[in-house]
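Think of it as A, B, C and D in the order they're written, each chain with its own count starting at 1.
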Amino acid sequence: MAPHIHRVSVYYEDTDFSGLVYHANYLKYFERAREHLLGREALVRLWRDDGLGFVVYRADIQYREGARFGDELEIRTVASLKSEFRAVFDQSVWRADGKRAMVEAEIHLVCVDKDNKLVRLPSRVIEYARRAAEEA
Amino acid sequence: MAPHIHRVSVYYEDTDFSGLVYHANYLKYFERAREHLLGREALVRLWRDDGLGFVVYRADIQYREGARFGDELEIRTVASLKSEFRAVFDQSVWRADGKRAMVEAEIHLVCVDKDNKLVRLPSRVIEYARRAAEEA
Amino acid sequence: MAPHIHRVSVYYEDTDFSGLVYHANYLKYFERAREHLLGREALVRLWRDDGLGFVVYRADIQYREGARFGDELEIRTVASLKSEFRAVFDQSVWRADGKRAMVEAEIHLVCVDKDNKLVRLPSRVIEYARRAAEEA
Amino acid sequence: MAPHIHRVSVYYEDTDFSGLVYHANYLKYFERAREHLLGREALVRLWRDDGLGFVVYRADIQYREGARFGDELEIRTVASLKSEFRAVFDQSVWRADGKRAMVEAEIHLVCVDKDNKLVRLPSRVIEYARRAAEEA
């Protein structure tokens, strides 16, 4: 299965005085990509109707090359399932014409209710990740 | 009444590639200062117990000089009352040894309930601002 | 001249615990829109080749209605010229089907060199703003 | 050697609509703590005089419990040396009266020059980390 692609522009707000994107901001890019992959409307309904939300449980990030102001980046995401309670997202940052990933991350997500109790992932997420794994 | 002073350090995260503090971040500094002035625990209780929160209604900001990485800044705040529904905060950014404000702002706050309906300001805020005005 | 339109999605990162977009983040939306209006590549070249950058000199913001997680917003921008040294951007935030602006702002920009000295706005910006004014 | 302690307040800006601190913001807390540990003035001089800056090379983060608006947190940091080119910071987030870390991270830093070339860590960082290791 081809990775999910989300495009982001690097704006003033994303950089710091070193001239490169501030390291924490890649986590924002990854999160925006996951929102689109999971479906933004579905996430809103899940929260509003069922009181459920996704929470980052673990994030392992490797920084290889810094992005710069004006860059147009691709966030590539492949989802898989660790268990029915944990989804794993392999995510990376690329320039459109890049030969290797600038930043690579493995992000683990769990689902919690309003009392912050762990719950089973929504079935559509489980099915999506299973299908992704089969097609890989 | 002497202005309320809140100190902030300029970190990597605050700057952009121009080398100066990103212009939106001064609104964060002002908001941190107002939280301390209004009392952080009181704000938590107001939200948790009464479902009330402060909302910025208007912000007029003049930028004169940009702060830099490593700067230690003073946020000076004077509160006053526009009406029982609106508090006005005159806020400015200074270097400790500065001769004039680097950034100046007038920030108007209102109080809303969970349905986003306007409510009267909490009495302690009204009293604080009245006392501040008398002593000015 | 029709306003310039830039679309933004409201992500987790944009909201605060009140459930609405954090007030400083609208300044980010406005700045992203201005970058697209002025041309992102032109901004990069201006900085890299001429050492010139745009700086916000003044921002007056009116907050009327808060945007929420999941909202898809339109940032509408109309540019004009105060002088050859100052451009003014009337910017507002709309839901696509909205009847009135949620947030409205007047943002003044100046252009500075690497020593933070004021310089004349680039001619293409002056021409753009003049043309916009004529067609208005 | 006792861990270095840096205190941070959780403000509106740090939270998202889930009511908890947005996951990327812990990286900001960790970075503020490292700036204080390494010495903010020394960092400014290193950049201004020698054109050198620290860059995050790797970050592995475990999220166990989310911090809330109003929390006063301790960021605890222990530094060590992987090589003369890489420093490792074990960092964690605690409530003052907490029994276990809310978030734990291992952050690897390298030092680069203005052309983004890897350089040896400054000697004072190497010495600090060696001394920390001996006293541990």
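Everything that follows uses one rule, which is that contacts are C-beta pairs under 8 Å (C-beta built on N, C-alpha and C of every residue); 3 or more make two chains touch, one makes a residue touch a chain.
Remember, predicted model here, so these are calculated numbers, not experimental data.
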* Structure fact -> Between B-C and A-C, more contacting C-beta pairs sit at B-C
* Structure fact -> Given over half shared residue numbers means same and under half means different, the subunit A/subunit B interface is same
* Where centres are the averaged C-alpha coordinates, which chain has the largest centre distance to subunit D? -> C
* Asked: If you average the CA atoms of subunit B and of subunit C, how many Å lie between those two points?
  -> 23
* **subunit A and subunit B, separation of their C-alpha mean positions in angstrom** => 34
* What whole-Å value do you get for the distance between subunit A and subunit C if each is reduced to the mean of its CA atoms? -> 28
* Residue numbers in subunit C touching 2 or more other chains? -> 12-13, 17-18, 20, 24, 28, 31, 69
* Structure fact -> subunit D partner, complex, touching residues on subunit C are 12-13, 15-20, 22, 24, 68-69
* Where on subunit C does subunit A make contact in their complex? -> 9, 11-13, 28, 31-32, 35, 40-41, 43-44, 47, 69-70
* Asked: Once bound in the complex, which stretches of subunit A touch subunit D?
  -> 17-18, 20, 23-25, 27-28, 31, 47, 53, 55-63, 66, 116
